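The structure is given below, and queries will be raised subsequently.
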Amino acid sequence: MPDKLTKIMEQFDKGKIDIFTALAQISNSNGIENIGFARIDHDRKSRCGFPEFIYGASKTIEQLCKIVPTLIKKQSPVLVTRLDADKGKALKKKFPQGEFDELARVFIIRQKSQKHGNVVVLTAGTSDLNVALEAKYTLESCDIGVTMISDVGVAGLHRLLGEIESFKNADAIIVVAGMEGALPSVVGGLVSCPVIAVPTSVGYGAAMGGIAALLGMLNSCASGVTVVNIDNGFGAACAATRIIQNARRKSEK
Amino acid sequence: MPDKLTKIMEQFDKGKIDIFTALAQISNSNGIENIGFARIDHDRKSRCGFPEFIYGASKTIEQLCKIVPTLIKKQSPVLVTRLDADKGKALKKKFPQGEFDELARVFIIRQKSQKHGNVVVLTAGTSDLNVALEAKYTLESCDIGVTMISDVGVAGLHRLLGEIESFKNADAIIVVAGMEGALPSVVGGLVSCPVIAVPTSVGYGAAMGGIAALLGMLNSCASGVTVVNIDNGFGAACAATRIIQNARRKSEK
Amino acid sequence: MPDKLTKIMEQFDKGKIDIFTALAQISNSNGIENIGFARIDHDRKSRCGFPEFIYGASKTIEQLCKIVPTLIKKQSPVLVTRLDADKGKALKKKFPQGEFDELARVFIIRQKSQKHGNVVVLTAGTSDLNVALEAKYTLESCDIGVTMISDVGVAGLHRLLGEIESFKNADAIIVVAGMEGALPSVVGGLVSCPVIAVPTSVGYGAAMGGIAALLGMLNSCASGVTVVNIDNGFGAACAATRIIQNARRKSEK
Amino acid sequence: MPDKLTKIMEQFDKGKIDIFTALAQISNSNGIENIGFARIDHDRKSRCGFPEFIYGASKTIEQLCKIVPTLIKKQSPVLVTRLDADKGKALKKKFPQGEFDELARVFIIRQKSQKHGNVVVLTAGTSDLNVALEAKYTLESCDIGVTMISDVGVAGLHRLLGEIESFKNADAIIVVAGMEGALPSVVGGLVSCPVIAVPTSVGYGAAMGGIAALLGMLNSCASGVTVVNIDNGFGAACAATRIIQNARRKSEK
Amino acid sequence: MPDKLTKIMEQFDKGKIDIFTALAQISNSNGIENIGFARIDHDRKSRCGFPEFIYGASKTIEQLCKIVPTLIKKQSPVLVTRLDADKGKALKKKFPQGEFDELARVFIIRQKSQKHGNVVVLTAGTSDLNVALEAKYTLESCDIGVTMISDVGVAGLHRLLGEIESFKNADAIIVVAGMEGALPSVVGGLVSCPVIAVPTSVGYGAAMGGIAALLGMLNSCASGVTVVNIDNGFGAACAATRIIQNARRKSEK
Amino acid sequence: MPDKLTKIMEQFDKGKIDIFTALAQISNSNGIENIGFARIDHDRKSRCGFPEFIYGASKTIEQLCKIVPTLIKKQSPVLVTRLDADKGKALKKKFPQGEFDELARVFIIRQKSQKHGNVVVLTAGTSDLNVALEAKYTLESCDIGVTMISDVGVAGLHRLLGEIESFKNADAIIVVAGMEGALPSVVGGLVSCPVIAVPTSVGYGAAMGGIAALLGMLNSCASGVTVVNIDNGFGAACAATRIIQNARRKSEK
Amino acid sequence: MPDKLTKIMEQFDKGKIDIFTALAQISNSNGIENIGFARIDHDRKSRCGFPEFIYGASKTIEQLCKIVPTLIKKQSPVLVTRLDADKGKALKKKFPQGEFDELARVFIIRQKSQKHGNVVVLTAGTSDLNVALEAKYTLESCDIGVTMISDVGVAGLHRLLGEIESFKNADAIIVVAGMEGALPSVVGGLVSCPVIAVPTSVGYGAAMGGIAALLGMLNSCASGVTVVNIDNGFGAACAATRIIQNARRKSEK
Amino acid sequence: MPDKLTKIMEQFDKGKIDIFTALAQISNSNGIENIGFARIDHDRKSRCGFPEFIYGASKTIEQLCKIVPTLIKKQSPVLVTRLDADKGKALKKKFPQGEFDELARVFIIRQKSQKHGNVVVLTAGTSDLNVALEAKYTLESCDIGVTMISDVGVAGLHRLLGEIESFKNADAIIVVAGMEGALPSVVGGLVSCPVIAVPTSVGYGAAMGGIAALLGMLNSCASGVTVVNIDNGFGAACAATRIIQNARRKSEK
């Protein structure tokens, strides 16, 4: 490879190849695993702080059964999200060392690891539990500690106030809420740690599949609340992981 | 008139005129004042519990100057809403006995009257004040007592909690809030009186001119909160008036 | 507990704990029943005027079977809304003292009680009946009297006019309508009592699942009409309950 | 020309030119007046039943001053719609034989003609008057008789019922309404003649610039109501003209 | 009844009852058939020009089986729209004299009658056929003559041009089109008769269930095209019926 | 036919028939095959550069079985898109010389032909594969060469950069992407050939069925990227065919 | 105060006051400064990690001139956002120790302080600069270090790649982009630190005032990117402040 | 530089730097001109086929006056789009060798060049002219030949058919249309060359600022029509340039 790279550089230097050809030739030398219908990005953890996970929604069970072993082989934890029951059970059968949680729609094969930090996952109602669980499994796959607190929506404010001590010292709080999505505004006004809001599709009519909650959270009157896509417990967990792992790297320097 | 009505009835009875012709002929006998471009409904108070008010937004100053005297003549209070400064000042000049509030965009000529009941008008932020004032002037024109409490949005929950005693015994609470519109949910969970939510157009971007607050309020997790149009302080006040005046009529029977 | 509270107060007083810690510690002392995935709010009736009801849409039958007994135990009426046939029948089997109405999608266990007031529930068409029934069961669970009047939409105006006597003296009118949602505007112009509009998802195409009716009702030219979420018969009933029970409390004072 | 056409036909017949080339060559022979930036369609009246009118909104005053004379020259009536005050006054100055109505935003130069039929234009409120006037001027330019009835919205039903006799025998009714747009549903249920609904942009907030009224009208529970674009008084008038002129042609045969 | 009416009139005349009570009492005397969950409007034909038809979408088969006989009894044609296959077949079994068309989702029991007028129903594509058939059955139930012309969308313009002779002399043209909904604009520019556009839900993605076609038709550059709801072949047929029957009534006078 | 055409021309020339009647009569003479519910446009290839293909989504299997033979008979390739598995398998059984690809939802009967040009089809993720395959089959039916490159989305930029050499010399690039649809912007900034973006419905929540990707692509900061409908691999392929075949025709002249 | 609090506790303990009355009475004892139209929250910094800032958009200059001194008095930095030029200049005149940046629409009075951490603010284009500056001023008011990198949008990828070294070690990256909003996805795939995306209203047409960028960012294929409201540079800065200050507090413990 | 590059390569080769650091260091060596608030991409023409143009909408006149000279210096043509009159005239004054077209909102400084190819720009109406002109100026700056054909919308089909010969042999057709945006569908069915549709914001009400036309074009029933953003004449011209220049490069090889 050195020879090849030296050659690329010489050509670029002499103007024989342009900048993007140079980039392309170098890019070609990296460790992506191309299995035809997918390219597995084994370096994602070093680059982004969490390994490559698998979005299961639109993949066939055949495709999943080809991707999973590429991760197992590398001792990476396996996390497949948005699995219906049929696909989840098929994966469980094929890889019995894993777990399938039908409510969370997640299949997971854990790797032993030490947990870091503490992310509190709050839900406004019982119906938001599936999204909160997706966040929980993702955090665990990222080696992050998790505390779950359920059913503390704003219509019964004392339920939330009674738990302040449990969440005000978190490294980050993930707030999962549907309907009007008011909980993150209230939480954001109570704490100084990062607050990541996850709107859910819980509700009907003018809830519009979570759009109402999403808009509510984007317009939060509590400053510094950030938002992810509707039902995206996974993304909120990755965002919390970025916060915790980046701070750890910084403090370790 | 009796003769005319008897004749209508006879014709309807003999099948010579149909039901709607009969209705039409009777309707023609009522006391609407037709001034060409508008028909003043002087009986609205006896029918709906509040007099005819004037939506000023798309009326010319000439039209307004023709409508106002028809109300003065009947000793009805005058309330013109959604007036820009030019039209408001012109009305004030023409009818100096009235008041024009530029922030509320309201022109009002009061009639002496006794106030009944107590409606609390809460605002989430200072920016919601104009809408709250529209509600206040309307309530006053309907002979309803008003208490204003400003800037108690959910991002500083103790501001609201500190005022519970002031509003929990109201006849009705009008909650005015923009951005995510979370305040009515919190209030609805704290009190048992009627709660009318008014979304405002305060905010930007994904607030979408008040749509975010409107959707939030429609999806309130606090049961029994009702909603009116964006920035519709007037409508909320009329709704509160219906509640209070109807209860009075009932209790007086 | 007195000792604990005195200690909280002392610490807060000396500045050792902040306002929210104080709130939290007090909140912790209230009577929420935490059953893990849900926190049952047994004091809701004293606070909001109606007991805690159960939103059945996204709860599993296992979860429902755990929540229902906590309410029975307290002699609270049980109302589970938005139940599909499978879950409804399972509940009926488990709690044979209750009723399941498949059209209304409601499971109810009644408590003997005296009814107060009279709420009229109007529907524009036969297709709006399921939402009207949800309102009816909710009102009954709140001890409110109900009168149902069906199929009086505005395309045949005499159907409605012929019923004026039945509804103009109500304590509140709940108007349930889909498609263009015009009925509340017409009713609001005929009566002085509170009018609560419920848009339904009846219709197709540009009805957009009830959005057309919702927007129509929010823009009602009849002043003082308030609106709840699409298909939210439950919420309209709670709003009517707030109106009636609050007036009763006031008049009893 | 005959020679040219014969030649086209021969070529098409021998397969030397294709169908669209033939169409193109024939199309080229018709009486469009090409003035560079616009092509005046002088045959529109014979084809569609009304002459070419001018959409003034996005045309410069220079362009308008070039188009108007091409119509005058042909003794066609001139109707320019959606003119702001500056352009309207400039046209009036240039063509003093015309009239400019600032409220309707219409400039018109009439041709003497006999009126046919009777179109009733109903408005829900005073604020809808500008759109109704656009319809009126257009109908007059199409030689159709017009009756205007204003401010008969559904919140005061007896205002409308009192006018039934005036509109139930119309050749067509144009119903102009903003806000919730309920009037066409009520009218459509009262009459058997064609009803054309025009939503207006009157209102605010959830009226969304007329979308609420538009959706309401499209979902009218009164069968056989048709709808045109928001504020499109012009289009409604053209539709009514099609109805009346087509019936006249038929009956004259 | 005369006595009762006389009494109403007297009371109204003496101010003992108000205008709406009078209306109500008269309305009560008309011929609506109240069967509990529905009120059959037997006078609709005399009032609106077509009899009461049945919207089948959200009615149960039990409800339908109770409504149909009330119409049969009055020798009215029966038309039930938006029936799924199960309900349609059940009706056919119960009322074997009727027909069920699964593509059109229509059940019909015809009454012998003479046809009047000629409505041309054009479809842009084969996929729009179901909506066109709903229009056809409705027109037949209204005693109107129908001509169907299929698959003449604008992407192959000569298909349409080749049929001009068939449709340019119609009493009205119903143009049924999905996707971009361009056909009514082209047709509207070719003919002078009334053009009623029906957007269909044919298409995917940005067709948004017919919204794209609906918007296209509302913005048609061909003047005087009117529009009905998405997939509303029924409504377009009723509108055409209003046009033809009203002209007949007029010409018969 | 010559006689008939000559006669048309004479009549038009003498003003006995108008321009559109002339067009109609000529249009009638062209080679559309009318099979009742559909009109097969056998000349589309000569006119548009690709033959008539069949949109299978809303056609019945009976209709498809009547249309396919009309194309086979003319030696045209057969391409039926948007077929569900049942219809696809039925077609395969009836026409065993064809292929059915369930993922692409395409049925194809190929004609031997020479391929021209090279279109690169890029997909952002594995989930976009079905749309990419629809493009591929369409290109093959249009005699265009295809190169597929999968799973090169922007979150792992080096995957894309490593492939620059493969796509920068294409005749056109079709970029298929869901979620935020960012890939076309990046590709458009790297190459000078035509870039056609296809948004897909991959994603959930705020992806809104592909609307997010569609809007993203329409607002691409890379100039000169064009867009087709969501999931419209077929349309992108036709657009690429227009580009390549038109250039060939030009260069052959 | 101790006496008062002891009394509250006793009453609550004996059941004489309910939980919320207790909360209310305690809340009343905290240090909110009520200036009538607004309640200044001086404890926000200790609670949320940043002081109270002022949303200037809908406040009058009179209101602003009353609020600013309350902050100055407490030695809090002053930051007023969303000021138009008139209000900004008036503030500058009144409080000459401050700065007004017209592009950023920000008025700021700084307090001397030490900066912590490093937030990189990336903009896709020059047009996004105003939003980026709002973020910068806010970060500075929160005592956070800032690095600005402009005009590195994805259409010229090498502009971004050439800056990787400058941003990959940030404590957090704020990515500001309009149009399709693709930049956060690309950045999120390159780095492991927290990425906060700010959609801007830059663009036209289908950019829909920033909705396109917002949707794009919410659907980012790079995991763990969080989003704030359109043009909300302020909120992104507060979110970054929460991340950095929380980590500092944690590491200091 | 060679030394530097060799060093990068060695480090990457030994694993001392990762792939993106290598990319970054190479990217840093390219010819972007960084002028602080903007980075001028002088190599865009060689990469994308057209030079860097300037989006003027949100740039200040000061910024524009700094960017323009960097392009002049390189003998690149200058094209500034979306300029209001003030900024356009200021530029014209500063750079008198340029032209400012107020209707097109474009400032242009031409470079002598040979034109290639022929792009036909069709407009549906006179109101679409400004967008068509933006396309024309852009094409000229890209050295492409242009033919303009105006006001050939589908409501007068013979206007379009009469011009077929002028456009059916184009290298590409740009079709500019507002309102329902039907013209591209008709054109796409008539020709085999590439068709690029540009929706415009011409219209009102349900035109929704061009959304109606945009949706219409995306759903075109004519296969292979591609679409750009609303009013984006510039982008359509760049797309046409990609088509023509790529074909030239190919044919020259």
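Per-chain residue numbering starts at 1, and chain names A, B, C, D, E, F, G and H are given in the order in which the chains are listed.
Rule of thumb we're sticking to: a contact is a pair of C-beta atoms (placed from the backbone, for glycine too) under 8 Å apart; a residue touches a chain by one contact, two chains touch by 3 or more.
Here the structure is a predicted model, which is why all the values come from computation and not from measurement.
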Between D-E and A-C, which chain pair shares more contacting C-beta pairs?
D-E
Given that chain G and chain H are copies of one sequence and touch, is their interface built from the same residue numbers on both sides (over half shared) or different ones?
different
The distance between the C-alpha centres of chain A and chain H, rounded to whole Å, is 38
Dist(centroid_CA(chain A), centroid_CA(chain F)) in Å evaluates to 37
Quick check: how many Å separate the C-alpha centres of chain B and chain F?
56
Taking each residue of chain H in turn, which ones touch at least two of the other chains?
19-20, 23, 26-27, 30, 47, 125, 156-158, 161, 188-190, 205-207, 211, 214, 218-219, 222-223, 229
Interfacial residue positions of chain E with respect to chain H in the complex
124-125, 153-157, 179-182, 185-186, 188-190, 203, 205-208, 211-213, 215-223
Quick one: in the complex, what on chain D touches chain E?
19-20, 23, 47-50, 53, 158, 161, 171-172, 188-196, 214, 218-219, 222-229, 234-243, 245-247, 249-251
Along chain E, where are the residues that touch chain C in the complex?
20-21, 23-28, 30, 32, 36-39, 41, 44, 55, 57-59, 63, 82, 199, 201, 209-211, 214, 229-232
Touch list for chain H against partner chain D, complex:
125-127, 129, 150-152, 156-165, 168, 190, 202, 204-207
